[in-house]
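Both complexes below contain chain A, partnered by chain B and then by chain C.
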Partner chain A sequence: MSNTQPSKDALRDWLLTCVAAKVKIDRDKIRTDVSMDEYGLDSVSAVSISGELSELLNRDLPGTLLYEYSTIDELTDHLVRSGAATGQSPASEASA
Partner chain B sequence: MTPDTDNLFPDDTADATPERARGVDLVFAAIVTFAPPAAFVLGTWLWISGRAVPSAVEIVTMIAIHVCSLVGVELGFHRLFSHRSYTATRLVKVGLAAMGSLAFQGPVIWWASIHRKHHRYADQPGDPHSMYLFDPDRRFTWRGAIHAHIGWVWSARSVGRGGFARYAKDLYRDADLLWIHTHYFAFMIAGFALPALISGVAHGSLQGAGLGLLWGGFIRIFLMNHLTYWCINSVTHGWGRQDYATPDHSTNVPLLALVTLGQSWHNNHHASPTSAIMSHRKGQLDPGAWILALLERGKLISNVRRPYGPALERVRREQRRNVAPPHHGDDH
Partner chain C sequence: MMNADARTGASMAAIQRHYDLSNDFYRLWLDTSMVYSGGMWRDDDTLDQAQVRKLEHHIAAAHADRAARVLDIGCGWGALLARLVGEHQVQQAVGLTLSKAQYEHVLTFGGPNVEVRLEPWEAHQPIQPYDAIISIGAFEHFTGTEFTDSEKVDAYRRFFRKCQSMLCADGRLSLQTFAYGSTRSRADALTKTSTHFLAESIFPETDPPRLANIADAIEGSFELIEMHNDRLGYAKTCKAWLDNLMAHRAEAVILVGEETYRRYERYLSYSYIGFKSGSLDLYRLTLRRLPQKRTASEE
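Right, the complex of A and B next:
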């Protein structure tokens, strides 16, 4: 079962890449402790990322998720707490 | 002189966002600025010349959708979502959000964010649509008046791209609202497709559908936005009377009360922004409040906030004064 769950680091990395692609900003310039919305992530993209996360983690996630947890760090922590990610940094990571 | 717009519109909401006008924003700005007035000219010419006279179907449809969208914007986008001035059942909440989305005034949460920002910086640098930021001494300019009325929708700094969740986190967390917000485009198209469909079916012709689109779609938007509702940003911050010494230029303009559902008691509103009732004394017509009273009686809404209270007393003038006519001399 844990094979399907990405590690916390992998999840954070995935989110970083995903947000950077949506807002067209170099991912090195995006901080994980700043609200994703501050980078100009619009609501359609925010809902779309929630949907892609649902696919990735194979669980139902609300479209409002990115507004409940507005930074990448908060969101990752929440997903780890709720059991959607492992919270570890294993060698085998989700290849999403 | 050319004002330094970077200083005039301090972009506190998008510290990390590169400032860039998105193509889609400019396309919407161009459509909403030019298409409705052009449609009005075309429709009037077609009517007068006898080439295409609107029938009762077009007029009734236009008025019906106009009233729907006006109620949605003023009682929904403004009094409910921006100011949380009453509590609504889910049906009313969703209905008002959907109706307001027909008005071509932008998606609901964006609208509320812009409006909350307007109250935060009212007529100061940071206000998305103030007319007083184009003059070094913050005086009236015609350029500013045009910016306040419609020009601001062209300004990347006014419409913003980042940081909006800061102003409307509560609204983004409402799944119903977020759905309507992110499906705004479909509602906006419906505002054009519906009158076209009704007239097309009623007249049984493509020309009928075109007439419906013209009157129930574009001319309706001209009447609501350009001619009446947008006057709240321009006229009721420039001309009229101030009953309260608010720190902005908001005014009360009785002439616009009915067509804005009471929002032209705009100085009252800035003095008591969390109140659902815009009328502060007898004789001040506030059709929005009448509708709220009906909804309250039907138990569809509750916790309707009233205007009077200590907060109001704080801003009440010792003596009412008339606002001096705006200074027009130094424009350009």
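Right, the complex of A and C next:
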């Protein structure tokens, strides 16, 4: 895997920060296993985050991504499975 | 304020701004028959199969199989017309469209049993009544965002009364339209950036109905036989279109330019999310014509 790919934990953290900023809710109050729709994430914000994610990962991602995988955990798992993130935590990367 | 009776939906210019963009562009991401409306998906259907299933649903619902005369209001690139006179042996299938590109496309394959007209439904004067009417994905264009709820009902009522006047006794209308979902009010939806984007940059002079508008508007002209909300089927269709568009990005950009490509990518993403979240619904209604009431002057 390329060194430019973020770890799974880093990606989940990035998504959490992004979603919290869009829905204007403290990130500590957002659960990663609850649908982002429930926090009021609208279509414009969802498409905007997909665009930012495309730039972060340097790959063409559909604007629908945050509604195809409704929770941050599901989306992170999908991105790891598709090779966009390493699937390793920072600790395991450090010991590798 | 404009007289409600004078209000109509999207103009020919507004329709052509969207649908006449480029047949080759739409061919890149629609199914092979170029059906531009939500499909009816089962199991592992392909987009082509889902679109055929949808057309077959409307043909069966309208009792159009082997009918003498069938009207298709908003006939698109003619897939339903071709199916009516082909597989279903309809003697005369008439299609109405406001898109010049669609009109000219249908003319190329129509044949003697197909008549396509560049004409609004309000102006259509059939020489004989129709046995069945099918309208898929046109109703959304019959009003704009500036219409009040009451003006929307008036416009839809005029449409249903016109269909009633063109159908034979007990004739059926099979209608498909997307609509505002019940997760939020129309007033709330109209404040959203996505609604503004779709109304200004994708479908000018267009605003979908609410379920209550349709229920109000059919009174006196049609009886509801059956209705389904298949919003997830439309979400799946939008995703298939978006995947196709993204897979043909380079060709699409050559045909319509980068800005338009990005606009369509955004539009299909918003639409997918709208149908997935329930902000938008997709209705298929089977309606049976009621007898026209005689006016006092006719008695």
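Brief remarks follow.
Just so it is clear, the second predicted complex is superposed on the first by the 88 of 96 C-alpha atoms of A that agree within 3 Å, B and C clash if a C-alpha of one lies under 4 Å from a C-alpha of the other, contacts with A are read in each partner's own complex, and residues count from 1 in each chain.
Here is the rule we use: a residue touches a chain if its C-beta (ideal position, glycine included) is under 8 Å from a C-beta of that chain, and two chains touch if they have at least 3 such contacts.
All values derive from a computational prediction rather than experimental measurement.
By the touch criterion defined above, A:A21 reaches neither chain B nor chain C.
More residues of chain A are touched by B (comparison of chain B with chain C). When the shared chain is aligned, chain C comes close enough to touch A:D60, but chain B does not. Once the two complexes are overlaid on chain A, the chain A residues touched by chain B in the first and by chain C in the second are 37, 42-44, 46-47, 62-64, 67-68.
Of all residues in chain C, those touching chain A in their complex are 192-194, 197, 238-239, 242-243, 246, 249, 265-266, 268-270, 272-274, 276-277, 279. Partner chain A is touched in their complex by these residues of chain B: 14-18, 107, 109, 161-166, 169, 172-175, 178-179, 181-182. Across the complex, chain A meets chain B through its residues 23, 25, 29, 31, 34-35, 37-44, 46-47, 62-64, 67-68, 70. By the touch criterion given at the top, residues 37, 42-44, 46-47, 50, 60, 62-64, 67-68 of chain A touch chain C in their complex.
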